[in-house]
Amino acid sequence: MPKHIVRLLGLVTVIAIVAFSAKYFLIPDSFYQYGHYRGNAVAEIASKVPKLQGSASCESCHKAVYAEWTAGIHRKATRNNAIQGVVYKSGPGCEVCHTGPAGNHPSKEAMPLSIEDRVTTITHSEHKVHPANVPARKLLLSPEDMRSVCLNCHEKLEARPIFQRQIEVASHSGEEFCTKCHNPHSPRIIYASLPQVRRGDPQAGKAVAAVCSGCHGVAGMSTSPTFPNLAGQHADFLVDALKAFKSGVRKNDMMSPMAAGLNEADIRNVAAYFSRFSCGVTGGDKAKALLGKVKAANCAACHSAGGLYGSGAPGVSGIPTWPNLAGQNAEYLSNTLKSFQDGSRNHPVMTSIAKNLSDADIDNLSAYYASMKCK
Amino acid sequence: MEHVFDHVTPYIGYVYPNETDFPWSQLIVIYPYITGLVAGAFVISSLHHVFNIKSFAPISRFALLTALCFMFFAPSPLLFHLGQPTRAFNAVITPHWTSAMAAFGYVAGFYLCLLLLEVWFAFRADIVAMSKVRSGIMGKVYGLLTLGSDDVSARALAIDHKIARILSMIGIPAACGLHGYVGFVFGSLKTREWWSSDLMPVIFLLSAVGSGVGLIIVLYVIVSKFRKTPILDDTMRGLLYVMFTGVAIVMVIEGLEMLEMVYKAREGIDTVRALIAGPIWAGMYIQWGMSTFALLVTSALLVFNTHGKRLVTWLFLSGLAMMIGVLAMRWNVVIGGQELSKTMKGLLTFYPEMFGRESLFTVLIISICPYVTLWLVTKLLPPWDEKIKLLPPWDEKIEPEHKVFDVHKLA
Amino acid sequence: MTTQDKKFEEQEVALSRRDFLGLLGKGAVCAGALVGAGSAVALSETQGSKHAFQQNDEQYAEAVNDPPKIPDYNWNDHQWAMGVDTTRCIGCLRCMEACKMENSVQMDANHYRTWVERYVYLEGSNTAIVDTQTDPKNIENTGSETKFRFDNRYRNAKVDKAFFVAKLCNQCEHPSCVQVCPTGATFKSKDGPVLIDTTYCIGCQYCVQACPYGARSFNQSRGTAEKCNWCYHRITKGLNPVCVEVCPTGSRIFGDRNDPESPISLFIRNNHVQVLKPEMGNAPNVFYIGLDKEVV
């Protein structure tokens, strides 16, 4: 065999030996142990530390909030779906809204888990310590943040199943914050637990009421449909209204000077006086009222005794600082809604709601509430 | 807001979110392109070495060197594309044989070795001669390449030729395998409607031959012009036959594949139609336009029995057209396949980056490298010498003195 | 032991070597019918094998006798699976956010381990319009790719039918991604999840191409593939995967199929479950209820 062939074969053999021994030595330990992979990789992957720790881990520090949550609807939100034979775990836990607190909370040093991660953690107004990467944001205080937290689940979306409680933002709260009415940890509104304002003295109020009776009637039933009935109205609402006239938040040619002459005690007393009268049904167009009933679903959250989901007299608000609408003069109601529309009256919730109503809607709604029984 | 979207592949319809990050970019377009050129060039050189077709004798060694130089750079687009290039050898250390890709290291390595060996045997007589006359570093290099043996006896050369022929014979199925295999990498994915076809390996292989012949024609004409040597009519006619056969068959099979897809009209055929009319319309026009041009020109050249300067001009043009057409075809397959979403409800439109690791600039560099290398290698191992008529057909009686390199001519 | 028993046992051992064990109830089939029935069952039941994907007998024995050293966990005791009840999904995308944080997935709208699709049929249309958070309109709505939220674009549209479908890796019995991985950097573990060895992955993205469900992506910062592994680091510690943990409506169900009373076993037993793209032959391990013809 010629020399060059021998040399070549030698060279090829050397290269082959080097290559195969290199291949042999470079195969990682535990490769092929359980299959075509590094057997040790399984335990390595499993050894990663979990970041989200579950709601129970929050309890040790946040006892009060945790108790609030456990008692509330967010804990029980999910129905037990027995039909499907699966017991679903209940409700959104802490980390559903406060994503990744265990991983990024309250400072990098306290929980050395996921420093490298860009995590957007939400905090409520009272939380003073913020994760380093959330620059002092007070979430749930601006509509923007509200959108990102509550509305993630509760905005009315096509495709969202009906069992999920959903709201149209514009007609539900407008520019108002969710936290104005709801406790995010236990968001169902419990009217009984809301604070009561000081009661006035109806007897003392009677004297003050003498000047009112010219328009609002002796027993609170007004003399003209453009004036509101006061009979049976929530005292707290009347107090708020008079104060608003006095301070100039609300303006009215008649009422502003009237309210200006009243002191704090007078306001409380006259409000208590009118609220004691029983109201009557002023009546409205029946056909319109029927149409208005459909539209009134948007109002029920505030202007119904049972709130959005409970049962209760429509037009009688659950919270005393919100006005009863039942039995109110239809013309007054429609004027009021229009004043919200044109901006002559302002309210964070009512303004945006009124702006979503057509003239016909206003007529129908006014007729509906005017024909409701107020007690 | 603009910056949010700048890394996203725009899409219409619905695509899976992860699809908006394009997995295989333009680098994977030129990878099959380059291996295709290798396969094509090798086939040309084998036509002489194995089948003893004399008209290819003048270019067979040049075609061999071309194949080698392009093979050097065939893996480079893949390396640039890998997320962890330093781990590239993991696929060789622990090849997972169920993966079409695992064999790549072995197939490419085997083929590279084959080419190196064949080149060595084809040029050994020249290397020995050069090692004798050159001094300095180049002398040492040639000395090293001889492996310390200057045996150029008739017996030794006869053995060389026999081995070279055997290597060449192995090389043909290997070249087909290498490229059919690249087609298999794409064709075996059931996920992508545009790729998932049994014809894919065949299409890849035949278009590879087409583009490889095109490359050899183009290089042969250009090099001959520069060296001011005559372009042999016989050789051009031979290349014309191969070219015509390649183009004709590949067009038929590509047409059949398209027809099958449209005729079967499985779920999402509307999206396939939209893909052809949409994101890759330009590529489709180039691919089919250039192929048709090459087919028409080569047919005309055959019908009119053209020779001489006109043959050179038109064959050069159709060779160039074939190279461009096949590049467009690679784009249509690789990019088009990914532009058609796995959902079959959406289309993406891929926009290549200009600069960066995976960019058109990298593609340009990688595409130029084989030509530069080829230029350097022809300096080292000159494949041309009409006077000696290197590598006569193997069956002939070999006259050893004819094989000695004419060093005076070089000097 | 009688001769017949012994004979039976031998046959059983022989069968197990051919992956048939576990398909056959002990003593339920008489010895004569074993061979014929066995092959028929093997055809009809592909999940009967206890072997993981592409695992030979030796490796299977090793997996049983010397399982990976994970504290308080033995992968032989579990066979994980997931269920998605699309009728309960409210599209809040908390799963996507939690997943990205738990697993350090790239924080942009192009890389997900799990995502939620919204299917909307407009009135009079027979095809659904589909979008995910990746849709530029959804990102514009929140102004950030890291705020996970669907916009309310169909507020004023006439919608015939609409629903959400959560997607994630199906941890298939016959995973295409494992099949095409050239190195063995991704593999099917014995207890179900398909895992990625990120120290061994070369980043060729062939698996990204091969996954029929688009569940894989490429993590540029790591240079390796990225996929859902059902939070393997959590389930081996007795926790739920994080998407299941944060789902406020319980639309994701997770559990161990070896335990007949686990949520997933109940879910599969009591519902008509479907899988995605069964025609791909991947045999997914994520089971859906409430799918629709348009769901891809």
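In this document, chain identifiers A, B and C correspond to the written order of the chains, with residue numbering beginning at 1 in each.
Rule of thumb we're sticking to: a contact is a pair of C-beta atoms (placed from the backbone, for glycine too) under 8 Å apart; a residue touches a chain by one contact, two chains touch by 3 or more.
The shown structure was predicted, so the numbers you read here are calculated from the model rather than taken from an experiment.
Contact count check for A-B and A-C (C-beta pairs in contact): higher for A-C.
The most distant chain from chain A is B, comparing centres defined as mean Cα coordinates. Distance from per-chain Cα centroids to the pooled protein Cα centroid is smallest for C. Once the centre of each chain is set as its mean CA position, chain B and chain C turn out to be 41 Å apart.
In whole angstrom, the spacing between the mean C-alpha positions of chain A and chain B is 65. A straight line joining the Cα centres of chain A and chain C is 35 Å long.
With touch defined as above, residues shared between interfaces to two or more other chains in chain B number as follows: 93-94, 96. For chain A, the set of residues touching two or more other chains reads 28, 31-32, 36.
Those residues of chain C in touch with two or more other chains are numbered 54, 184-185, 200. For chain A in complex with chain C, the residues that touch the partner chain are 28, 31-52, 54, 77-78, 81, 84-93, 95-96, 99-100, 103-104, 114, 116-120, 147-148, 151-153, 155-161, 163-164.
Of all residues in chain B, those touching chain A in their complex are 89, 92-94, 96, 117, 120, 124, 146-149, 151, 153, 155-156, 159, 163. Interface of chain B with chain C (complex): residues 1, 4-5, 7-8, 14-21, 23-24, 78, 81-85, 87-88, 90-91, 93-96, 98-102, 104, 185, 189-192, 338, 342-345. The part of chain A that touches chain B in the complex is made up of residues 2-5, 7-8, 11, 23, 26-28, 31-32, 36.
By the touch criterion given at the top, residues 54, 108-112, 115, 117, 129-134, 136, 139-140, 143-145, 167, 176, 179-185, 200-206, 208-220, 222-225, 280-281, 296 of chain C touch chain B in their complex.
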